[in-house]
Each structure stands twice: as structure tokens, then as C-alpha cells.
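Take this structure, written in C-alpha cells, and hold onto it; I'll ask about it next.
By written order: A, B, C and D. Residues from 1 in each chain.
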């Protein structure tokens, strides 16, 4: 707790310095500005050595007296002010809660400070990079999604939780999974299987796949939140468990794999803590439908958005790997995509009993 | 397992009978029709004695050769066919998974069988009422949302889970919580507190409210799913625990309370198993902002959709209670709404340390 | 308030000295735009038109099938001068009449009688001659011969514009090979480059409205256009009639009485008006409260009596005028005309926009396909039809495109005592764009109207018809939009034009009402056709929806019940067809489709 | 192919017998719509207009400030008959001229000279008399007196339509109190119920374009309307000029030579044309390759010589015609006129739609506020201005609404030798709807044009101007849309109308080009004004955005740093104003705003 207090004081000081700067500028009748590191494609690079995406040095000015930036400027300090309060009382809260805490109507207009959480989340990320404080240091945590079961015991805030005994439910992965909150206890797990969707996770849990295979079964509800990514990264680096990723056969699924492995543009400043460069892609591969004889009627036609996304992804420098390109190009030329569930056309438990075991046995995966 | 097999056979027979009827009609060159009990406002009534909403006897014909109904007709049998397969192999799956399983492109068009889960969910409910089989009997379960902690042990599919020791995570409430899956173990809980949102649940869990207050803390992620509702109902009826509901001060929040207590139009056929007529509304009440001196700047202006919803709710026969009307009418005349988080303007833990304890102490709630 | 000091005073006497008579030729020389000579472009067409009108009228009156040659010649060394020559095989002109006909405005045989004819004012050809004279200084030349063995004459005539009288510059006997006929030739300032498109349109439309005409058109720097005679049957002849009593006003009644040779009003009425028998005359006098013995001269002198008589006429039911004074184009010819226009329009849709008074720029190099004879057309039609489903009544196949064509002929009506009749033809469909304003072809007494569309009562009537009722789009206060062409013809013993140039029809309510009725009649038929097509398209759409799901339903039913999938599917397909109008739907849509491959709407549409 | 057997043959001889001369009165009696008598509604206005035109022309020419009384009387027992009487204080008419002026078409003093006047054809008033005579049988009555102490006369005149000659029915000496003046009175078939709105509009617009006129309008069943004289300064007098050589064509040149009294061409040129000095004449002859000694008679007889001379004229630079032959309305009066129209339109926006040839129905019971004198107007303006920010140049405050008003006067130009000048006024703003077609007021030689808007060259020029460039909406090929009124005046020694009724201006390219240039000039000024307003509105919008967030930002900064919240807020507010144009923005928008309370756009907009 002592460390936490010190960190909190540091963070508080950073926020206060930022605000004081603005007050000074205003006093001098100058248009107040913030300097925000850019979280865009143009300002990230792929570190080939570390095999992760890293944030560059580009920054962006954000002025209050600029019609396009005024609202964001105001929002930044609204969020900063709320974080200051959290830090002072030593509480944490979710970013969703922060959205609710800071959302209200402006004066007697019909405009709100925020209309959607989609608006406040990027402001939090901006604040993180601007004052150089991670989300946790701002006493915030991400929305939680994601469940885990498997042959392991974890110690969560002092409670010992046996992930072998979670019934049909599973353990909800918290947002903050740093070692001071979550510690790993005894485990017999041989690897980590991260699946894209809860529905698939439930299938694997019902079939007790993790028990047979002795693996940690985790999902992130689509694009996995920080907590899940960090936990997977910790299991990989601390417990030396290989990580396998199972996603839908569509550009969004494959992108999830790339984020797990190398990090994302948006959170490039966290890649060091999040990315699992050794993560492996087990499917669904664009070549699986043919290889596993999936009936044509399980296919979904790709739409314009899908094709556009593939094109975009192929232009990312970290998608240069030949195997990855093959995967995406085959997807585009098939003009079809497949849910993981398409495999159930070959039998409800085909995926857990045949598909995945065979893939792992044959080492039929991408790296 | 034997009971399950018998039920499965019964359900299978019902699905087969439905499909055979259609095949017969088609053979006779007749426009095939389904008779689907109506799940609409006009076909529910409030049972004043039981204090729950019940389904009426009205039915609707759904013909295949009717432009407005053809797709739904096709979808109904697509879903029925998938359920048949589940029943035959004795597996269950989530309705989200069912959506993915049955989603594919039609022939060489750009149309899919389903575009959104919003399309397949009502079809499942139609099938439930049409063949008179509950979702669980079709081997389906709802998407899970919701977490629970508190002074209680549950036995989930044979695993004993101590809900006192879930750390910051919490136990993910499964979709199927019938006694054959979930059993209640030892408990010291004095009541159940159901909160609307996960963010609020996290605040209460962080503050260890449930420990101080000796209560079960559960959330349903907005409108609670069947699993959460059924679990709350079971705790209420089997463990005789009072149930308190804490929701946002807006029409949607209050409606969640009404559904917990009396059931919903859409699932009126399940009210018997779901509704908790004794559930109590603790807030946020439309009179709280004044009573608890919430700063004006925490208010959000109501929009047209809010006002429309209030008007609609006031017309439901089961909203006739004077206290309820007062709540909604005050909300409308204030023209303001408040997130639960608005209370944190009075201090981050005002809600857990002052607001709620005082409400319960003063018995300041609605029934 | 006191008037300010006048600066200079012209007295009534001074002003009186300036008063002068103005001759009608002076008036029109100055107001030449009233006659259609506002620009060198229009002058060319107006000149041709006036000459052709005269030739056609003369041939018609003397029962000759007309054979015309129009020639436009460039004048060497003057790019803005052209010679127009129009030669006919008409009855010829008696030599003594030539000077006045070509050298005096307001002289002619058609003004004073009620008979449908192209010319009606006695202004046109002499106005053209005057325009030529003013702009080039040259007289009009006329060759004419009135019969086999008779001498032919060549005259050069000038118009004394100060006095509106002709001056004969030369008069010689010449040899003409043909038995009879007239050639008129004059030089004028003109712009052939810009004017040729109007000329071509005029020639095409004139040939169409006059299938008994054989026409050769010789043009500068291009091959001659030859239009053979399409029909040896001359149009039904229009007979001259007397005025109808209901259209006569007090002043006119008194004037007619003054000039009448009948001494008693009863005979006057019987002989000077149409549809007045002895009985009717008695009834009129009775209603007027006048004696049967009233003398015509009394009527001429006494305004009160004339007023009474007029009231008596109005109070008496009198038969509508006889229709044999009118010669409509007729349904068959209107349909043929539309078909022919469509062929041209389809070919040159982008090249020939709607004509307006002010052209936006010259369009040169237009290619022209000579209009086909009806035999050739028939052959084409039959060929196209052979490959396709037989068309429904009202449908025509033109160059492989399907059109819906209807026409409507109104019974004759009367305005201001003048009988008139309205005909309308409507063509819809083909490959025309859905979002363009319709094509509108206007005709008056078989003469195409090419200018001043915006000022024309016909246009107004089309705009004021509610086409939305007939399944067309129509911007407020505008022509409708859609793949449609309209042909409107007004036949009358006296067509009221908005100016002497006879380019647009005046907005007489009686005329507009009849045009609207004819348009509505065509519109109703069109709407029925479109709705039928829409209904079939809807059935097909329904069917395609059912067919989309049948495969899926059959599989599910098979998987649940084990029933034969193909069998169930087959049953469902049969049911789908039955329920969506069966064969009939296919057929209607087959007929619509220009391209059978595109027939079925898919879900992408 | 052999011609078919003729059914009945009229020979050239038979046809010759039917040829007859047509008198101009017969022609127009039959084509009365050409003169503006196509309906009882229009007949009323046309009659008043022709009489008023004559009176104003006569007063102007004799330097009298006009004092007119228009009276419309119902005829007892005949709902479709009215008496129109127009009385003036003009110079009177010499008795001998009365019959021809009122009883003969194409007779007058204005046709043969080049001078800007309202009447120009010698048709109008006699045509009205003829229409009255045909429809009621009654003659026109004229009272006239040419000076103090001279006898006054009353004449009843009829027109012999067969011959176009006057017939005097009675002629008596009468007493008239006034020193001089003329009254014309005639009975005609008319529809006052439907026609009164046109009359009112005509009267209003006439008064506006002629501020030196005092007018009384006596109407059936309503109070008299009295328009006092607004200015005792008569309009600038237009002088008569000779034709300009550049507009003369070969034929006309020969005719002028024939009639010239000057024996040699050099003198002929100097004396018969404007802007031809001795030197210019020499240059012309030189350019034409003709001798200075050439005799005029040679020119009259030899077309080749005339052609050469014309080419010589065209090859010589000759000064543009003198502008003193034109009398424009002038900027000041155009602005006043627009202001006055706006007052009326603002009041009756819903009641008075744009006028069209065919009225859709009678509108009765319209209330009329007499037009104010310029003194009264000035007082009102000043009062309104006192409460508001002083208007920018171009802005006017009318009844509390702000308008932007500009005008543009083009230098005189020439078409076909006729000098003309275009003036345009534009008013924009007020409370007018943004989505309605603009108002267009057309004038020719100070006479308002109320009918045939669609056929008018002015309308065409407005439609063909690209108003989108000037910040207005404009549907394709249509009038622009927006809160705007346009006034277009054409002054010319000879205005080309599309018909004898003088309702619309012909599409002469030279005229259209000038109108467009004037419109563009006004358009540019309008665009600058609108853009300035838009820029200010944008600054205000920016400011309101900043102000929206300032409170919130100040609180956050206060909560984080402890800095004084009100102080921070104050600094931010000052900054926001500075950055968004400061005071200037406020002022521009204050000027725009009709209602100061609504000044600030809120986020709801």
C-alpha cells in the first residue's frame, strides 16, 4: 500500500501540473494547449527485435479555442478532475463508472459532457499518455469481460480461488491483475487456450476440454480487455505456458490474434506489459473450411467492410509475415468467412474432440 | 440424467410433430402455417393475486407464403432443426452460439439466415411458446451476464464455490441455475442486493459492502438475464431472503425493477419461475436528488425517448400502484435523470457508507 | 400642391401634327419577331414553314397529292445569306394574284372563312418575302403554272412597306415541264448552321403528320433527304362551315346583320349561321321576345334589339357544329407517328434536346436516317415480334424495345363559335431514362410547333394535369418526368396562336380543358398498364422472396422429419408459383423486359 | 407512283376568286388575345393600362404633372359588363384627331419616331374601344379640351372593323371645368371580381414607377384609393433620336434613301442617322469604296451600291447613340419602389401570389393600405432606425425588418439600332421564407408587366443567371429560391414585346445579355453581404461553442488546482470573445436580427 501511496502522489502531481499550466496560459490571455502523444497508425512502429508494436514520439497539440478540439479539451480536464478525486480518497473505479460519474448535462442546454462511453474511453487513454501514467495509476480499471477456468489456483486480493472448481460459471477475470492483486498458486496447466467468444468458451467448458487437455481456458468476449491480455501475458512469461488463440475466420478474428501477440495501435504504450510475442494462431484458418470439409452452407459472404479491413491490415508493417498474408489473402479471395461455430456442422463437439486436438498434435498453427 | 433424457425425448417429439405438420400441408398444396402464442402487450395480463404478469391465450398465425412472415417461418425451422441436433447429442449451447451456428449466407445471394442475434433470440422465444418447451428444454441457455459475491457457498455442477472468496472478480452467474445444476450451500446472508450495473457492483465489492452488511451482491448487467433472475427468485423463495433492487433513476432502471418483481411481457410465460413479487426498490428514487442534495450538475436531461417510455409504462396495468406512478410522474416533471454514480458526487463511497444503509434503516423503499 | 414649372410644352396641336397612320407592313417590319423572324436561325425555318403550309393547303383544296421539294442554297461569298426555294405540284396561282399573295401582308383566301387549314392569316409568305427584302434587298421570285398547256409565269415581286402594296419588278413567261405547280424562291439573312436541326425536326414531323406528302429536302453540303409518300389516301377533307350562333357577340351580330343580304332576321339567322333551321330560328326569336317579321336592317341599327337577339340565341339549345369541318390526324397515324419519333429519339437521344426559342449553340454533323416507309416499318415490327412474347394491346415493339402506346381523340367542341378537336398520343417505356422530363410534340392543324414551348397552352395543359395519378413523377408546376412521349394535335377552323408566328397556342380555357380531358384519358390507360406491370413485378418480387427461403426450409424440414428434401422443395416451388400469379406474372414481365437476361429482380435490387 | 384520283378539284381560278384583303381590324378582332383581350379578366386591366399609358405619355410630352382618375363602374343588371373611365389633365386632343386615335388601329404619333414612350404601336386604346364595341355594341366616348377658354368636345366613336376606319356617331360641344385634359370612357364585357387584384397591382406599381403622378382610383363597392403625388419633379425627359447606322439593314437603307430629301449620300448619312458627322460620313463612304459624290437616288435604285454602303457602315467605328433618348427610373426610385413593394408583400404575402396568365380563382376582399408619401416613409425609416444599430450601406429597415437593397444601372446599349438601358433592383432579407421562389417585378418604359411572366425574356435572363454563385438556391432552369425581390426595368426607344398586348419582352440576345450583367452586378453585392453575415454567424457559433464548455473547464481547473473558479471563467470568456471577432461579430449580427431576443444561436439550432 505504501508503494501505491507514493505512486498516487506522483500521479496527483502530474495532473495538477497539467492543470496549472492551463491556468497560467489563460491568465496570460493565451489559447491554452495540451500536448498529447499521438495514438495513431502513423505514430506506432513495429519493434522487430521485441516483436511488439511500440509508440513513437509524435505529439499533437490540443487547443481549447479550436472548435474541433474544445470539447475534448474540456473532457480531458473533467476526467482529470475525477481521477484526482479517486487518487485523493484512494479508491479505484471502472472506466464505465467514470463515464457515469462524469456524464451530465451542460448548463441549461441539451448537450451532455459525454453521450457515450465511446467518447470518454479515448479521453482516458489520452490522459494516460499525456501525464505518462497508466490507467491503474489513475485508479481506473477497464470494463471487465472474460472468464477463466483450468487447472490452477489463483490468489485474488487474498482469496484463494480454485479454477478447477468453477462449475458452469467460471471465474470472472478482474480488470487489474497485477501481481499485487492476483498471484498464481498451484497449477498443472500445460498451455493457455484463449478463445474469442464466450459462446465457444462455454462449449469447451461444458465438454470439460480443459480437464482432458490440462489447459487454462480463457475468453475475452471479442477483443480481449486489458485484464485478460495482461493475465495471459503473465501466465506466458511467469509460468512459461504456451498460448494458443482460437478466433473466428474473419479479419476481426485474425486481428484479435495479432493484438494478443504484438499489441495494438491504440495501446502501443502498453505493449510491453500486454503483448505475447510467442502466441500461436490455431484457427479458424482460411484453409480449414476445405481441409475440414465444412459444408458450403455454413459460410457467410464477406461484405465491403470485411474486404476493406483486410486491405487495411495488409498495409500494417507488422502484417508482413508471409504466412499471415497468405491467411488474409485466402480469406479475401474465398470471399467467405466462418464463425467458429461453423465447425459444429461437423458435430456439436467436433471442435473439442477432433479439430483442436488434431491441430495441436500436428502443430498446425501460425506464429 | 434420466429425467433429462425423458424431457429431451418429449421435446424432440414436439419439434418433429411441428415439422411433420408442415410437410403434410405442403404435400396437400396448402400454405403451411404455424400457430404461435402472442408475446405482446395485448396478450399479457397482470395476475393481481399472484402479483405477476401472465401470458394470455391469443395466438398468431405465421404462414410461409406471406412476404412479411416467410423469413421468420424459415428461421423458426432452422432454429428447430439446430435444437433437434442438440437434443439428440445431449449437449446444450448458448443462444448466442445458436445464432452463430445457424447464421450463414442464403444460396448465392448476399442475404444471411440471420444478420443479428436480435433476430434469432425472438425466434427462439417463439419456438419455446409454440412447442411449449422452455429454453432449457430446448438445450439452450441465455447469454450470461452478471456476477455474484456474498456470504454463501454454492455447489455448481458438483463444484463447491465459496462466494466469500472471489477476490475482485466474483462468480459468473451461469445461465442455467436450476436446482439440478446449482445448489445452495451454507449462508449467512440476510438479504440480496441486486444492482443494475457492473460498475456499481464493483464499487460495492471493492468497499466490501456485502461483508459488512452480510448480503448477497449481484448484478445483471442492465436488464438481468434469465439466469440472474431465476437465481434471485430461488434465493428469495428457497432461502427466504428479502430482495432489494438498486437501479438508475431513469425509466429503464425502474422498469428493470418491475421486471424483477412481476415479470416481463416478452417472458410472461416464465413469470412463475422468475418473478419475485416481494422485491423492493431502494433507489435511485426521483425524490432522492432533492433529499440527498445531489448537485444539479450531476443531472442528465431527459430526452424524448425517456418521456415516451414513461408514458408507455404508465399505461401498463401493472404500473397502477400509486407509489410507482408518483415515482415516474416526478421523474417526468423533473425532466432530469440520474445515474447511480451521481451519488459519488457526495463522495466516492457515499452510496455504500451512507445512502444505502440509511435507506434500509429507514425502510425507505417501494414495494 | 402646385405643379412644377413645365420645362417644355408640346401643345395638343403640335402633337396632332405628328399623328400618322401606320401601315401593317411597317408595323410588322419593326416587330418582325412577332412573325417568327427574331433571329437568322428562326427566320430560315419560318420561311420554309410558311411556303410549305401554303403548298399543302393548296394541294389539299384542289385534291392533289402533294409532291414538294425544299431547297436551301448557300449564297457564295456571304456566310449569313441563304436562298430558300419551295417547289410544289399544286394547282398553281393565277398570275394576277401573285403580286398580292407574295407582296402584301394580310391578303389571302383563308382568313374570311371557317375551314381547317394550315395558313389562316394571309401574312406568312409575304412576311417571309418582306424579311428577305429588308435583310438582302432582293425581291421574292415566283414561278407558277395553273394547268397543262397553259403558260407558266415567273414574277419578281417587292413589297412597298410604307403602303403594304406589292411592286412587280419583272414578269415573264417561262417554260415549265410540269403540268401545274408553284415555286417560290427568296434570299434572306439566315443561319443554316444553327437552324438545320429545327429544319430537320420540322421536316420529319411534317412528313409524319402528312403521310400523303412526298418530300425531297435538298441541303447545302449534305445528301438530299427523300421522304416517299407513305399513303396515297389524302387526309379526310375539312369542309368550310358557317359560324355557330353561340359564339357570336353583340357587336359581331350587328356587323353581320349590316352586311347580310337577307331582309328578315329569320332568314338571316338561317343562312348566316350553321345549325339554324327555320324551327331553330323561330325558337331564337321567341326566346328573344322578337317578332318573326323583324327586319335585318333594324337589327343592324338597334343595339338593344341585337342584345335581345343574342340573349335569345344563348337561351336556345342549338346543335353543336358539324364535325366535317375538321380533319384530325386519326388514331392510327398518331400511333405511327409516335413510333417513328421514338425510333429517331432512341437513336439520337443525347443529340437532340427539347427545342427552345434560344438555342444554346450550334449542333452540326447530325446524321439522319430517312424515315422508313410503312412497309419497311411493318417488316421490322414483325421481325422483332417474332422473337418475343406477343405484345398486349397497346404495346408496340420498336427496335427491340417495348413501348406502351395509346391515343385519344376528343369529340369536336367549340370556342367562341369555332369548332375544334383535340387528339393526344402517348408512348411509354423503352429504354428511356426514368428521371428525364417527357418529350412533348405539339401540332396545330397538322403543322408541328417547334418554338415557344413554355408559352404554349398545350404545355400548360400538360403541366396542369396531375400525372402523379397516372403513376408518373411530376415536379410542382412542371412537365411530368418519366420515359414518355406525348403528341398533342389541335385541329380547328381557327387556331388561336399567341403570336402571328404561330409557334404557340393561346391559353383559351375551352381548349385547355379539352386537351386535359384527352390527356387524362391516355393517362388512365397508362396508369392501368403501369399498375398491371407493377403488380406483376410485385408478384415476382414476392416469388423471389419465397424462393430465397424454400431451399433453407426444405433442408430444415428434412433434417427434422427425414422427409425427402427435393420432394418438399419441389412442392414448395410449385406452391410459390401458384400463389404469386402463376404463368401470368411471368408473361407480363416477359413482355416488359427488353433484355431477358435481366428479367428477374434479385435480392440485390 | 401515280397520284390517287382527286376527289374534288378547286382550280387556281376558283381559288383566286376567294383571295381577299384582310383589314388589320378584322385581323385583330379575330385575334383579340394578341392585344390582351383573351378573357374578361384581362380585358379590364388592358383597357385601363392603354388609357393610362396614353395619358402619361401625353402629359410627359407637354410637360404637365399628371393627375389621373381611373373609375370602374358596374353596369346595372349585367354582372359581366363594366364601364371604364380614365380622366387626365393632359394637353387634350385636337378634335379632328379624336376619331382616328380612338377608332382606327395602327394610328398614332409614336410609331414613326425613336423616343422612349409607354405607347408605341398606335393600337392600344382603339383596340380597347373595338373590344368594347364587339362585346357590348357600344361606342367609346371621349371628352377633351385643349386649353383654357377653348371649347370642350364630347365624341362617340365607332370602328368600322371591315375597313379599319372610324365612324363618329355624335359630336357635341360641352362644358368642362378644367383647363385641359381628356376623359375616355367605354363599356366592355369584363370580370371585375377576378380582375381587381391585377388592377390593384398595376396601379401600385405604376404609381411607384411614376412618382410624379397623382392618381385616384374609384372602384365599385369600395372606398376610393388616393395616391398623392410623391415627387413634383417630373422624370428626366427622353429625347427623340434618329436611327443609328449600325442597326440598319440593306432593304431599310434603300427605303430611307428613296424617301430622303438629301440629294447626295453624304448629306443623307449626316442628316438621317444619329452620330454621323461629315467626317464619319466620309469614312463610311471610304470604307464602302464609294465616291463622296454618290447621289442618294442611285443608292435607292441599286441594291449592289446599298450593300456596299452597308458594309462600309459596319466597317466604320461610330459612337454609340446618345443616352438622352432614354429615361431610366434611377437608383433612388428603384430602391424606394422595392421598399414600398416589400411593405405590401410583407402584409399580404399569403394573399397575393405571383401573377400568371390564368388565374386560379377570384380573390376578393383584399385590403389595401394606400402607399405612403416619401415624407411619411422617411419618418418611418428614421423612427425604426433610431431603435436599432445603424444599418450598413445597402441595408434598409422596413417595418422593423432588415433588408439588404442594392440596384444596378447599366450604360445604354443598342439592339438593331435601338438604344436601350437596363436597371435592376434587388431586395433581400426580412422575414420572407427561405424556400419560396423569389418575387420578380418587370417593367418596360415605366409600365409594369403583369402577365406572361413565363414567356418573358426578363424571366429567362433571371433564370439563366447562376444564382448559386450568389449564395441563393436555384432549381435547374428555374427562378432562384430565397427571401428576395427583383425589379427589372428596360427603357428603350422601342421595346420588343412578344405580342401586341405588350405583356412580355422578346428574347433578343442583346437585351438578355444586359439584363444578366445587371443581375450579376446586384448578385455580386448580395453575395458579399450574405458571406459577411455567414462569416459573422460562424464566429458567433464558434463563440457559443466555447462558451458552452468554459464553465465546465473552469470548474475542473478549479477542482484540480484550487484556482479561483470565477476568475478563470472570466479570463476564458474574454479570450473567447477576442478569438471570435470581438465586438464586430456582435454588431453584424445585431444588424441582421429582427428580434434581439433570438439573437444568439443556441446548441439546439
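Here, a contact is a pair of C-beta atoms (placed from the backbone, for glycine too) under 8 Å apart; a residue touches a chain by one contact, two chains touch by 3 or more.
In UniProt terms, the chains line up like this: A, B = Type 2 DNA topoisomerase 6 subunit A.
Note that this is a predicted model, so its numbers are computed, not measured.
Undergrad: Between subunit A and subunit C, what is the gap in Å from one C-alpha centre to the other?
TA: Measuring from centre to centre gives 77 Å for this pair.
Undergrad: Distance between subunit A and subunit B based on Cα centroids, please, to the nearest Å.
TA: 28
Undergrad: At which residue positions does subunit B touch at least two other chains?
TA: Residues 85, 110, 297 of subunit B touch two or more partner chains.
Undergrad: So which bits of subunit D are touching at least two other chains?
TA: Only 555 qualify.
Undergrad: What pattern do the touching chains form: line, ring, star, complete or other?
TA: Its topology is that of a ring.
Undergrad: Going by the touch rule stated at the top, which chains touch which?
TA: All chain pairs meeting the touch criterion are A-B, A-D, B-C, C-D.
Undergrad: Quick check: in the complex, which residue numbers of subunit C touch subunit B?
TA: 542, 545-546, 548-549, 551-553, 555-557, 559-561, 563, 568, 571-572, 574-576, 578-579, 602-604
Undergrad: Can you check the complex and tell me which residues of subunit D touch subunit C?
TA: Subunit D residues touching subunit C: 1, 3-4, 6-13, 15-16, 18-24, 26-27, 29-31, 33-34, 38-39, 58, 61-65, 91-94, 96-97, 100-101, 104, 106-109, 111-113, 121-122, 133-138, 146-147, 161-162, 180, 189, 228-229, 232-234, 237, 249-252, 254-255, 259, 303, 306-307, 357-358, 452, 454-455, 460, 494, 496-500, 504, 506-509, 512.
Undergrad: Please give the residue numbers of subunit B that touch subunit A in the complex, ascending.
TA: Its residues touching subunit A are 85-86, 89, 91-94, 96-97, 100-101, 103-105, 110, 112, 141, 143-144, 147, 154-161, 164-176, 181-182, 197-200, 202-203, 206, 297-301, 303, 336, 339-342, 344-345, 347-349.
Undergrad: Looking at the complex, which residues from subunit B come into contact with subunit C?
TA: 15-16, 18-20, 22-23, 26-27, 29, 31, 64-65, 67, 70-71, 73-74, 77-78, 80-81, 84-85, 106-107, 109-111, 113
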